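All chains are identified by letter, namely A, B, C, D, E and F, in their written order; residue positions are counted from 1 within each chain.
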């Protein structure tokens, strides 16, 4: 994997960060999926940052059987990798993803097994739960995930990106909640997460019930993405820059922030505050606070501080 | 009712959909409320679509006593009507609705009965609960409801539209949470639903506490409506077109989507996913998935597929 | 305090309201903090309205130890003050607030006491809970709070304003969730409330994880603030005008609205409706409804009605 | 109906209460179901008390199709009947109930309609929801329901009694959660309510998973019933006596107590207290408090006080 | 106060514990309420244990106005008192408590102030909320509270004891949920807590709806109390012994246990486990674990270990 | 493993069930742990039933490091094993379990790793969460688990059994919530589950705060166990008999019952009913209902019916 040699010759992260554009070229996916994955290419373009790329460009990054389990393995690994502090996801080739690979998945969905309706249902429920887990691992992973979308993001793609923390896209990107078009209610996350990531319920309902496309401008004005870039290269540079801002800060602060933002989404404000206080009663005892406070008083950038791994 | 004869002469729904503008003229409300209702006019301009029109134009569609119970009857009927797959609501005459008909409702609210404060309270609670149900039936009805607002939408009108699934309006529309002006906290849905349909809590609070008007542009930018049209005719055509997009898709997919979007609103993501998996363990066994998947592979439009009634 | 003499010579509130610009000048903070507070200046520029001003301009209104307890005292007093129906908050001097006064707070946070980790944690939890309460009192106070931000609003400032009901800002305002920069996850409200007051989760995450500044335009488009003004004078006039709209309405209606909006935020729609019905079974028996209804029928302004204190 | 003439000749309730044994004989069900019901016999043995009797003794009070809807009508009527303050339920004939009348219900459950699995599921869900409502009406009815069980209480009978407020039984009574024996998980209330009415989860699980019978002694020691009587006559006298204790007290107090006990079951203590305070802010203004307090100070029995209807 | 001098001459706590009977005599309440309280007598019979005695024996410890606020002050003080690790509550004189002192409280409840029904309601809600707090402070205090009941425990007494952690009683004790007898639904805790402390819902409902007395045996078999003693002296010795068992253990372990037991009561198991893990990630770092583990391995009693204060 | 050869020579399950005492002897654990486990012995004494035995008798079945992960593997396997319909757990040797193996676990708990307090906390939280999962897998496994306790059940043993569905014990059994004795609040399930499996909160608190032993009689009267047996042999026969009652019934009914009982524990009744209806809309379509109903009508035992695997 190219990224390894690059990384080993890199000077310390913080001094290096600026020429992001150059690094983007190192994020090239020309080498294909990374072992042990057949649908994902993993690299580390710079220290502390893991790049996860959907990588079946010839199939428009469609989500086949392998994909659903590789994502789980990949993010479990990232969760445990102390060298990784932030993740950038993107898609190889012409688009982010065409969504479900119907051909490959057909027998799971169209020919479920079981001796009677109840037993088929039982097995289907297991399958759905397993597929839901494919995207929930993104949330369970304590490292923030920045997702960068270019071109089409269809069906399962929307399920995926709504489980990420920060969404960026190119001017030519479009989004489509496609499930009603194949006769089913979206069941791996979109109906649960989309209404909690954008502010217009009327729009959510319209997208989910009519399967119409939403383009970059509406994605921005509705809050689905927080930034739109001219093209993929600019977006990847932007994603890298943003991820760098995250990676250089205290991992105790960053990962605690992600955990508590997610907790708050699903609880009342009072419950969230209670949990937060219980969380921080230990986390505030990190030496990172002292280091950061000192740097702040000395007007140093966070990038000048070295934090222990977490 | 004109709509009946129209409908009986119509060819199959899906082939007919495009000339929506022409159909809009058939949605005319000149014939007045439809028996058995005195405040609502019900029609079926095209197959599978029910048009519910607030129809007391001479009273600016103000909500009188009859309205509060007719809505319940109307939507219970729609819920059970297998021929209906989607609903469009709008108002007859110069505006959507002026809200509560204070004159007609006065003794319910201003002169509640009871021997002492507790007994009056008991009766008032029953009344409020009954009125809340008037709009909750819209949510309980599994068919999606597209509401199209022109002119004023005041007080109870806001309670009504926030219980609908998709909101559209004309350029001249305005919205007003009016209740503080008559000395009460809005109690039939606005305070509960408005914050969950738009993304700015500061705006919600401002509207509810000051009773100021909000015009179409702000309704759009805040996400209350997902589309603004030049005038009522264009809006009704747009509503019809959008409703058509919904009506032609699998009712198993569409109604399951509405049910789960509402469930998700009121639950954590994890709870929502669990419910969704339990829901779809049977719903995925519909033949609609096979039909839709086949159509998708053959590059056919969803409109070309015939789905069983639900 | 100047405001007292002004107030005593004022004619009745409602007739006076219009020349807001003139009144703004009376909201001047030149006199400094008001006894018994050292960090807050309290005044009553017009009847029924309390102005709370962060007032350590020479320290950029940084939040020192005194501030955290004075806020609690101040809002508890306001909650009980029947002469106050609405609150306006703003900052004295060049900016709204620079956030935590690290120097003054250092030993609370950086040198917590305790014999071992558990005991230090126990004490830290008490401290965090106490600080959380500093902003929760704003929500517990039943009178609406309009906050007007100019210049910088950093760290604790964001915690503060997200606990207010309506947010306004000047064109030169900017907002920064600063906590990750000092090595900690924000623990006094931002992570809990910010996602519930604006509509874009991607933006919330970006702000909280990168500590980047957000300027007035994005604050408006994301819904953090509901209005942007050219400069502080215009904003204070606007805040006063808006507060006046609230103060002149029935306090039973206004405070019931605030209470139920907050309840709804943290509950399902069905739970919110149930609570609302139980709330209003007594509140609808206020004479304010009759007074307001009569005024409405006579086409009088709410300002023409005199409501009893609450 | 005999009970009417009895009632009209009765002196005031409170003076009459003691000779309960005599009244029990008037609760005889020999006259059969009461119009308009075919499965229930309704009577009013004494003022303020409604006796609802399962009345298909020749069919061991098995629950047929008519039963499921008659219960709803019956309890909706009771809820609105201001003359009724408390309900006693029991079964006519040799036992309380044999549960589901499989023969009569077979086609609803065994031959549900629908074009495919999803549509059959949709219809089944409607049916289950309707049947759940049959017992939920008991909880929704604000008047307390005392249920008196003799002989067998099987399957649906357990669903029924767990929705009642107070459970009594005879020494020869036995209870059986029968559903697993016919191949299904109990779906009309037992699995939801039984664990919340008795204190041993191990016992609940054992009963529900093995369908074993539980006899009166274990029903008492586990807390399912709060009293065991020697025989049916003694039990009916006891039920009448207990119901009389309830009926003679302030209906504002009694019905508010039932409502809040149910609310508390499903909420945290803090939520329950909040709701309670909101409930009682009006209910404490009843004149019943003054009447009751006065009676208490004068050492009078509650039965000596006349309360307005609710 | 006698207890002070006793305490100063005491040898170390753990060596002293056994002769509890002797100490009980020092818990005598003959000296009356302790300054600054008029309704409570506070003493420290042995190290680490605070004894709170309801002390208006001539008024059967009825709860007057002073009581409701003194309880709050008393338990807030205990919460902050590092020398106290456990609390024993009991009543002076012939009984535990007769409940509400109707005479003293009459104008709060029977003559609430306010210009109209809504304003009276508003004030009543404040009053109820304040009274609820009187017992909630017991739960908020992290030190376990053992309550010992002799004779009558009526009305407010039941509200009080259900907020305590462990309940003991004498053979002659009886309990009565009295509120329906004075025309109101119990609103300061009984309806919320009683169903969560005992296992028979039928019994809870019977007690709350009929106001019948429950005697010691039923209190034990229903689980309201966990031990019954022959008389008050034996009970106080037992309470002291039990409190001693608690006081000699690690306060980090004990108080963390109380906190999490209460959290679990109001949350799902999954939520409770999540909170617990977050709590213990710091608390396990206490040196108390090492000390305790070492003592356990050396077969020493917990009483032989000295733990730092918390 | 002996059980395999036994099983292969067994006639069909249902005909065989009665001579349970004989079978118990086959559950002997003399052969030691079963590969691949070092702490658990797994056998299948009769068809459809898996026996999981804690098997470190020489160490009093203390829970060492291996145990915590073997339990997860074991129950995941059972969950997927279609031949298993019910589980019986018990302990080999003189007692059920002595709880945590402090010696083996010491460095996980007493010497957690990490560069500062926050990082140690982070790692501890992972460890606790992993240990919690060890018992949560019992709940996640859809097959009912009957646990049979003899002798001591200490510390982690209580965490374990409260996660099982049905609890039995011998007359000489005793239970001890031991954690406070080693300086920590129990964090792998007892504080969350114990209060939900027994009916006396006073008793739960007493056990958890004082670490006192509870013997079989109190375990029975408090509802912790639903049956007490004279000795281990009788208990194992009883467990086998009870498990047989479960194993012979429809697995669709049985496992759906377990799932929904657990769901109901953590939700309101209304939520539970909604989930149940959604669950059964497919599960009622099982052929097991028809088979069972037919058998019931023909007065056959459930054991006479052959159900497909699930």
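Assume a residue touches a chain if its C-beta (ideal position, glycine included) is under 8 Å from a C-beta of that chain, and two chains touch if they have at least 3 such contacts.
Since the structure is predicted, the reported quantities are computational estimates derived from the model, not experimental observations.
Within the contact network of the assembly, the step distance from subunit C to subunit E comes to 1. Interface repeat of B-C: among A-E, D-E or C-E, over half of the contact pairs recur, by residue number, only in D-E. Interface comparison, E-F versus B-D: the higher count of C-beta contacts falls to E-F. On superposing C-alpha atoms, the copy subunit A sits rotated by 120° relative to subunit B, to the nearest 5.
Put simply, the C-alpha centre of subunit C and that of subunit D have 50 angstrom between them. Put simply, the C-alpha centre of subunit D and that of subunit F have 35 angstrom between them. Annotation for subunit C: residues 117, 121-122, 196, 198-200, 221-223, 252, 265, 278-279, 281-286, 288 touch two or more other chains.
Listing the residues of subunit E that touch subunit C in their complex gives 115-119, 121-122, 252, 282-288, 308-310. Per the touch definition, subunit A reaches subunit C in the complex via residues 144, 165-167, 196-200, 221-226, 242, 245-246, 249-250, 252-254, 256-261, 264-265, 268-270, 272-273, 276-286, 288-293, 296-297, 302, 307.
Of all residues in subunit C, those touching subunit A in their complex are 102, 106, 109-110, 112, 117, 120-122, 124-125, 128-129, 132, 136, 139, 179-187, 189, 191-193, 195-196, 198-206, 208-212, 221-223, 265-267. Against subunit E, the residues of subunit A that register as touching in their complex are 275, 278-279, 281-282, 285.
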